[in-house]
Structure formats: structure tokens, C-alpha cells
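To start, I am sharing the structure in question, which I have written as C-alpha cells.
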Amino acid sequence: MAKPRTTPERLGAFSDGVFAVIITIMVLDLRPPSEATLAALLPLWPSALSYVVSYLFIAIIWVNHHHLLRFAEHATPRLIWVNFAHLFMVSLVPFSTAWVADTRLAAVPVFVYAAVFVLVNLAYCAFVWEALARAKVEDVSARMRRITRTRSFLTLGMFLIAMLLSLKFPLWGFGLVCCVLLVYLRPEAPGAHT
Amino acid sequence: MAKPRTTPERLGAFSDGVFAVIITIMVLDLRPPSEATLAALLPLWPSALSYVVSYLFIAIIWVNHHHLLRFAEHATPRLIWVNFAHLFMVSLVPFSTAWVADTRLAAVPVFVYAAVFVLVNLAYCAFVWEALARAKVEDVSARMRRITRTRSFLTLGMFLIAMLLSLKFPLWGFGLVCCVLLVYLRPEAPGAHT
Amino acid sequence: MAKPRTTPERLGAFSDGVFAVIITIMVLDLRPPSEATLAALLPLWPSALSYVVSYLFIAIIWVNHHHLLRFAEHATPRLIWVNFAHLFMVSLVPFSTAWVADTRLAAVPVFVYAAVFVLVNLAYCAFVWEALARAKVEDVSARMRRITRTRSFLTLGMFLIAMLLSLKFPLWGFGLVCCVLLVYLRPEAPGAHT
Amino acid sequence: MAKPRTTPERLGAFSDGVFAVIITIMVLDLRPPSEATLAALLPLWPSALSYVVSYLFIAIIWVNHHHLLRFAEHATPRLIWVNFAHLFMVSLVPFSTAWVADTRLAAVPVFVYAAVFVLVNLAYCAFVWEALARAKVEDVSARMRRITRTRSFLTLGMFLIAMLLSLKFPLWGFGLVCCVLLVYLRPEAPGAHT
């Protein structure tokens, strides 16, 4: 075949469309109250909080997704499917966040919440592996590859711990998930630049 | 007219937007349960399963759609309309999948489900025909054209059989639809590369 | 300012996003029935029909929108605002189509329906005017400009007649709207190519 | 790293996707009435009005967002995060507009409405700062920078005044918000071109 395969740019544009829908889905749950008082806004706090939190986390995921996709030279069939798996897991974030907020951080919802991030992270590990495997050596140093892969496996372990922790201490489990996510605020793994 | 027509890239970008909305529509049906137990998640299984299945199938359709669109040299009016027809049929997948899951694989919903894939495949046959008709000979060999077209007609026949089968044996009909879809996991028709 | 303004491509991409959401909004109204019989699908016909019709009409509008946007050299502020007005009117099509279907072609809903197309056409006239005004003479012949503009004004008149007609004879009014829309199936005005 | 960072174009395309979803969300609230009379449309006016107003205001924000993004040379991490904050605030506009319309301009909803625009404007100030800080001197004159920044701070003050005003005189507060927004109808700050 003479023509190039689906480019990473193409894959990124499609993923952006999916991210745009997912990140704004929860705002549909914010319905204006019937009374015109500030007190009437109070019962909305679970929806509002879960919108803020899942918006922030999906934004973090987007930043990392884009950072990584830049290194992919080709959109191989495997990369496309790993990307679909990744987007699927991300689409579960609004659901699990809403459940956590509705039940005010009960044990089982926080457990499911951490489990969703385990799945997101699993798909992300595969994404890291696939994207970096095809990257040119000049673009990504061996050191950076190692650090990026190590980080993705470390955070996977942390999410698993948060999952188990939340069955007994949901607040601590939730806090751990949040802390791990903040590690990804900067897409570059720390120390990746020599 | 000096300027080129709508390019296939343009058409692909619009289609991606529609795919992004369709693929995430069903996640809106996943509402967190009011109780904080794993048992409370159980009644969600029809919505959850139909989300997973229709997500997977729409992903398969997307992969094939993109694979094929790369061969189109121009976005002719006919290709644009065939594409609109294709997207319309795809937009019915979440509806029919939800019905199948809600009724736990009853005969009529599986019949309608197979019928939707007959329609998707019909539009896809027209899409294959139109996209390959305009492709350059160097890009697509005669052998590959023949195999791709044959595959699309064969699967159309299989979906029709699944439709009839499901009236008597809905489980077998559903299974046949799933098997046929897995044929499309790789967009290249088998043996298309000499 | 050294940098170019928002390009028409940029404006087209944003419009595509809006079109993608609008064209798939109505599929959300298609809810699977609780019973597993073909008869249970029957009460869905107003939603189904209005989805089909508004999908087709929005597809026609998209084809014309894209055809025209290719001639615009620059995305002037006026073109951007005319485009926003156009998209706004288009976003009312699913609403009015659903009302017509729900009330089975009653007089007032068909009147409102025709009125929405009067508004869509009004914004389209301004769009035609603005896009062609800035087009290069080589791209669009004087003859083609005249024919395209004439067509947009003629169809505006027809929609106005359909509006008045529908108050007495809603079926005829609705039929007239459909006929006028079919004029736009081919984005080039007839006879535009000498 | 050899490869460029996420380009401003990429960031703009993602933002467009989010804008497209936000701007069309409210049309979902427009449900056709069950009766086929013009009088039956009347109870829809709060939804209709809030759709029109938030559509217009989000269109104004889009025009300014795009105007500004063109000056950014690079999509720095800070610009990406400021952009996410901006989009988040914009996503609250449909909610607050709907509350204002539902309660027919009651004091508290207008207060919240003005507060949302204070937040949108705050994020916009940061966006202006970040986008212009990295712009080339040839693209944006010192005079234009000063005027653009001054305008964004002035309008922030006006929205704050509208917030306080609306607690006593909601109609005046609402009117002030609308007037301030009209200042942004043209993305270039007045007098920015010498």
C-alpha cells in the first residue's frame, strides 16, 4: 500500500472528540434548583463536586495522552486498539465519581472508583509501552523510556493499594487516588530530562 | 471551479465528530445506584453490557471506516451521501444493543439488532464500492479490491442469516452477529496483501 | 497584525463539531421499549420519523455549508457571526421536527417548522452573500454568484409560502418544505456551470 | 526532546470540541409541548430565552478565545491548564443562565450568574496574560498588549459590581452583565490598532 496508515494526528483528533464529550457529560447533571436561594444550591453539591473532580482528572489524563501521542511515529493497529481501551476506561470516570459523591465517600463506591483508575492506568501502561516502542531513539532517550514506564507501573500499584485500602478506610483510599493523580499533573516523568 | 471539493480528510473529521458522540451516548445511561453496595450495581448489567458491546462494535466500524477512507482520492457527492447513510445506520447501534440487553436476548430485539447490522453493512458495501472505485490503481491492487468487496458481500449474507436465525434461536443469531463482526477486527481483508 | 485571522478551515471544523452534536441529539430520544415485540416499536414512530427527517435535512444543510465555505477566502468577523446565526437556526430543527411528528402534522407545529426553515434560509442567504462577496473572481463566476443568490432568495420565498399554507393545509405546507429542501440535495445551483 | 510540544492549533481544536458540546447542550432542554397550539409554546420561554442568551455569550467567548489563541506561539503547560480552567467556567454558563430564566431574574440566581462571569473573566485574564506573554513582539505591539490586558481587568471589575448590584437590583445587575459582554463582540480591544 502506497498511502500511509491512519496518522497519530488523526487518532489524536478522534480521541479529542471523545474527550470533549466525556468531560462535559456531567454538566448535564447540574440542573438549576426551583427556588431562588443560595440554600437551594446546597443539595447540588455532590453533582457539583463530582463534576469538578472528574473534570480535573480527565484533564490530567488528556494532558498525558497528548504528551505521549506525540512520540508515536505511526498509528499501528495495536496503538489504535489500546487507545480505544483507554478511552473506554476514561468514559467510566464520570459514573464512578458521581457514585462516590452521591454516597459521600462510602466504602464500596470508593473501591469501584479506585478500580476504574486501575483500569485507566492498565490501559495507559499499554499505551505508554506501544507509543514509546515505536518512537525514534533520538526523540525519547533510554533513560526517559525507563522512567516513564516505571512511573506507570508504580502508579498502577498505588491504585491497587488504594482499592484494597478503601474497603476499610474509604477516606484514605480516596485520598491516595487523588495524590497519585497529582503525580501526573506534569506529563513528563520527574528526572526524565537529563 | 478552481478550488478542490471537500477533501476526504474533511469528511473523515466530520465523521469522527459523529462517531465520538455516538460512541459515548450510552455512558449517559449508566446512572450510579442509590445504595453503596456492589449488589446495587447488579441491576445495571444490561446497560453496562450494552455499553461495552456497542462501544466495541462502533470501534470496529470506526477502524474500517478510516482504513477505507484513506483510499478515497476525492470526497465525491456520492461518497458524502453514502457516508451520511453509513453514519445514520451506525447511530442506531446503541438503541438496538440496549433493547437486546434489556430484554435479555429475546427473539424480536435480536432480530432488529441483526437488521441494524444488515443496514450498517449495506451502507458499508456502498462505501467500499465508492471509495475503491475512485482509488488509484497503484494504491489498491485488483486482488485487494476483489477480496474487500467479496468480504463485504459475504458478511452481508451472514447478517441476513443471523436475522432469520434469531427469530427461532435468538442466542445463535446474536452469536453469529458477534462472530461476523470479529472478522472486521483487522480492517484489511485476509489475503489482500499478496 | 502579522498573523492571519481565523481561517475558514478553522471555522468549518468548529461548525462540524456543532453539526455532529446536533445531528445525533435526536437519537437520544429513541429509547428501547420494555416489551420484546415488533408491535412495541410502533409507538416510537414519531421519534423515529423525526430523527430520520431531521438527520436528512441537517445532512443537506451540512453539504451546502461546506460547499459554500470553500469559497470564502477569509473568516471575517461578519462571516463568523453569520455562521453562528446559521448554526443556531439549524439547532432548532430537531425540536421543530419532533413537535411535527408528535402532533402528527398539526397546523401550528408545521407552521413553526416552516418558520424554522425560513430562519435557517435567512441566515443561509446572509452566509451565501458573505462567502461569495469575498471569493476570488476566478473561483466563482458572475453567473454562478447570481444563480446561487437567486436560488437562496427563491427558496426563502417558498418557505414563507409553506408557512402561510400550513395554517390551513398543514400537509401541503409540510410537503412544500420537503420539496424545497430537495432542491438543495446538490449544493451547486442548477446551471451554475456554464 | 526533538518533537514540538502540543501546538496551539491542537489545543484550539480540542477546545472547539468542548465549545461545540457546551453550546448545544441547552437545546436538549427544549422539549416539544404536547399540544399543537402556539400558546403551548409559551411555557417554554425560560428555556428558549436562556438557550438564546447562553448561545450568544458562549459564541462571544469563542470568538475571543480564538482571536487570542492565534497569538500564542507554543501551547505551554500553563496555557493548557489556564485553558482547561477557562473551559470549565464556560461550561457553567448554561446552568446559571437556565436558573436566571427559570426564576425570572430573581436576586440570588442573577448574583450566581454574575459570579460565573467573574470566574470566566478571571480565567480569561490569566489566558490573556499567558497567551500574550509568549507572543512575538512583531505580532502584538506593546500598546495592544496594554489595552487588551486593561480591558480584561476593567470588565472583571464590572462583573464584580454587577454581582453586588444584583443582590439589591437584579434587573440592573443582569443588564450590566449583558452590557459588559457586548464590549467583547469585537475581539480586538478598541484602539488596539494604532
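Note that the chains are named A, B, C and D in the order they appear, and that numbering of residues resets to 1 at the start of each chain.
One rule holds in what follows: contacts are C-beta pairs under 8 Å (C-beta built on N, C-alpha and C of every residue); 3 or more make two chains touch, one makes a residue touch a chain.
Since the structure is predicted, the reported quantities are computational estimates derived from the model, not experimental observations.
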Across the interface between the identical copies chain B and chain C, with over half of residue numbers shared counting as same and under half as different, the residues used are different
The angle in degrees, nearest 5, through which chain C must rotate for its Cα atoms to match chain D is 90
Here the gap between chain B and chain C, centre to centre from mean Cα coordinates and rounded to Å, is 27
Per the C-alpha centroid definition, the whole-Å distance linking chain B and chain D comes out as 38
Two or more other chains are touched by the chain D residues 13, 17, 20-21, 28
So, in the complex, the side of chain A touching chain D is made of residues 12-13, 16-17, 19-21, 23-24, 27-28, 30-38, 41, 52, 55, 59, 62-63, 66-67, 70-71, 136, 138-140, 186-187
Per the touch rule above, chain B residues touching chain C in the complex are 1-6, 10, 13-14, 17-18, 20-22, 25, 28, 77, 80-81, 84, 88, 91-92, 94-96, 98-99, 102-103, 106-109, 112
